[in-house]
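Same chain, two partners: chain A is paired with chain B first, then with chain C.
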Partner chain A sequence: MLNLERIPDQVGYLLLTEDGAVISSGGEMENDERIANVIYGLISLADKVDSTIQEEGYKRISVVYDDHCYVICLSNKKIHVVKRKFLQNHTEPAVA
Partner chain B sequence: MERSIIKCLDNISEVASVRGCLLADEQGLCLGVRGGISPQSSGVITALSQQAGLLEPHSTKHPVVILENDFRQCYIHGNGKVVTAIQKTAAS
Partner chain C sequence: MNRVTVVFRESFVGGEVSERTHLLVDPVSNNTNIQRVQSDDFIGCYSTSLPKKTDEQSALNRILQETATNVIDVAASDSHNLEQHEYLDRVKHYTQKLQSMSRWTPPRRPPCLLVDIPAPEKLLAAEPLTEQDLHLITTAIEEADAALVELRVEHKEDLVVPFRIP
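Now for the complex of A and B:
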């Protein structure tokens, strides 16, 4: 049903409302309220960074580890979060 | 110690695409800044780095947080003692 499931290399996804409530989830992040709360906190903090170092605001937040990353976007008044694994021969996934 | 911080900031800001950089300690105190980043943002930058670490609290590696728009990218990385923020123009 969700397009998030079709993203290449994704191993989990979360769809949140603007106030942080989970609408849907899947993969490694299925029903993971803890991650949802951490991500909501991250977005609240990034809002404050906007005014101090980046007046234009941000389109995307990525949290990058050695072999995987979390990509966070706000679209259609919903917060989209996807966890992606890096391919062995690539340092980071192709931009969606 | 101060000299090494200044040298580190100078080395980072010499890179062509870098617009600004900031170093802060684990409590959000600004240790030094170059370019377009405001020293007042050091607390929020440190908090962002610590919040990102909560995603995987058992991981031994510290993640890099990247804030992006069409024109700029801001990379934030904390190693538990020092948090580094680097603002770059987006690669064309």
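Now for the complex of A and C:
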């Protein structure tokens, strides 16, 4: 069973249906329907994906801030959102 | 809103206010049946006379009846126990019917930028953005922004030209 709480550095999570309804939430994102609506609006923004860049669609969307980020992906007809804080010793994400 | 304190005497029609009721009392005569009413109530008096009370009651009853017919009592209703085989039969039956319709397509789902992937944990736990990518995005946007600022019109020819018709 998927456990979003086990993801390292996570401080909050949201689980939505494909239509944007909240299934479960936790941590800093508990009961946050506002962010759920914003994220659903984000992934349903474009009518179609530019086929020259990406054939079907994207596997993951990240919204990156200075000290935290939101990572969004779709799996098993459910939208998974995880809020992760960056570790204190570096302010920017590591080089790949 | 201007409030007018109205003093009137009861009309002859069984204590009810009518159009014949004097609005201003005769200061000279002394009448024991004087009521003080605010102008708001004065307007209200006309609409809440006795026959209206039964209308209100019937209106309430009507609303009650409408609600009772529209309410779906989930707890009290019979649970429709559908057997597994019955369910599968129905699925087959319905899909057959749908397939026989040549022009039917499944309802179009709202567009989604994301594609369905099997194992999300690995992807969610991975590093979201590399420093190089972040740097690339930031410089690209800064250059685009600078270019936009420099956008201007170059005047080459006149837009409006008079036609010299002899």
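Before moving on, here are some points about what is shown:
In the analysis below, the second predicted complex is superposed on the first by the 76 of 96 C-alpha atoms of A that agree within 3 Å, B and C clash if a C-alpha of one lies under 4 Å from a C-alpha of the other, contacts with A are read in each partner's own complex, and residues count from 1 in each chain.
The definition used in the following text is that a residue touches a chain if its C-beta (ideal position, glycine included) is under 8 Å from a C-beta of that chain, and two chains touch if they have at least 3 such contacts.
Quick caveat: nothing in here was measured; it's all calculated off a predicted structure.
By the touch criterion defined above, A:L87 lies against neither chain B nor chain C after alignment on the C-alpha atoms of chain A. In the superposed model, A:G41 lies in contact with chain B only, and not with chain C.
Once chain A of one complex is fitted onto chain A of the other, the partner contacts of A:I7 are limited to chain C, with no touch recorded for chain B. When the two complexes are overlaid on their common chain A, residue A:D66 makes contact with chain B while staying clear of chain C. A simple residue count on chain A separates chain B from chain C, and the partner touching more is C.
By the touch criterion defined above, A:I23 lies against neither chain B nor chain C after alignment on the C-alpha atoms of chain A. In the superposed model, A:L74 lies in contact with chain C only, and not with chain B.
Overlap of the chain B and chain C contact sets on chain A: residues 42, 45-46, 48-49, 56-62, 64. Only residues 20, 36-38, 40-41, 44-45, 47-48, 51-52, 54-56, 59, 61, 63-72, 74, 85, 87 of chain B touch chain A when the two sit together in their complex.
Within the complex formed with chain B, the chain A residues making contact are 35, 38-39, 41-42, 45-46, 48-49, 52-54, 56-66, 70. By the touch criterion given at the top, residues 2-4, 6-8, 18-19, 42-49, 56-62, 64, 69, 71-77, 79-80, 82, 84, 92-96 of chain A touch chain C in their complex. Listing the residues of chain C that touch chain A in their complex gives 109-121, 123-125, 127-134.
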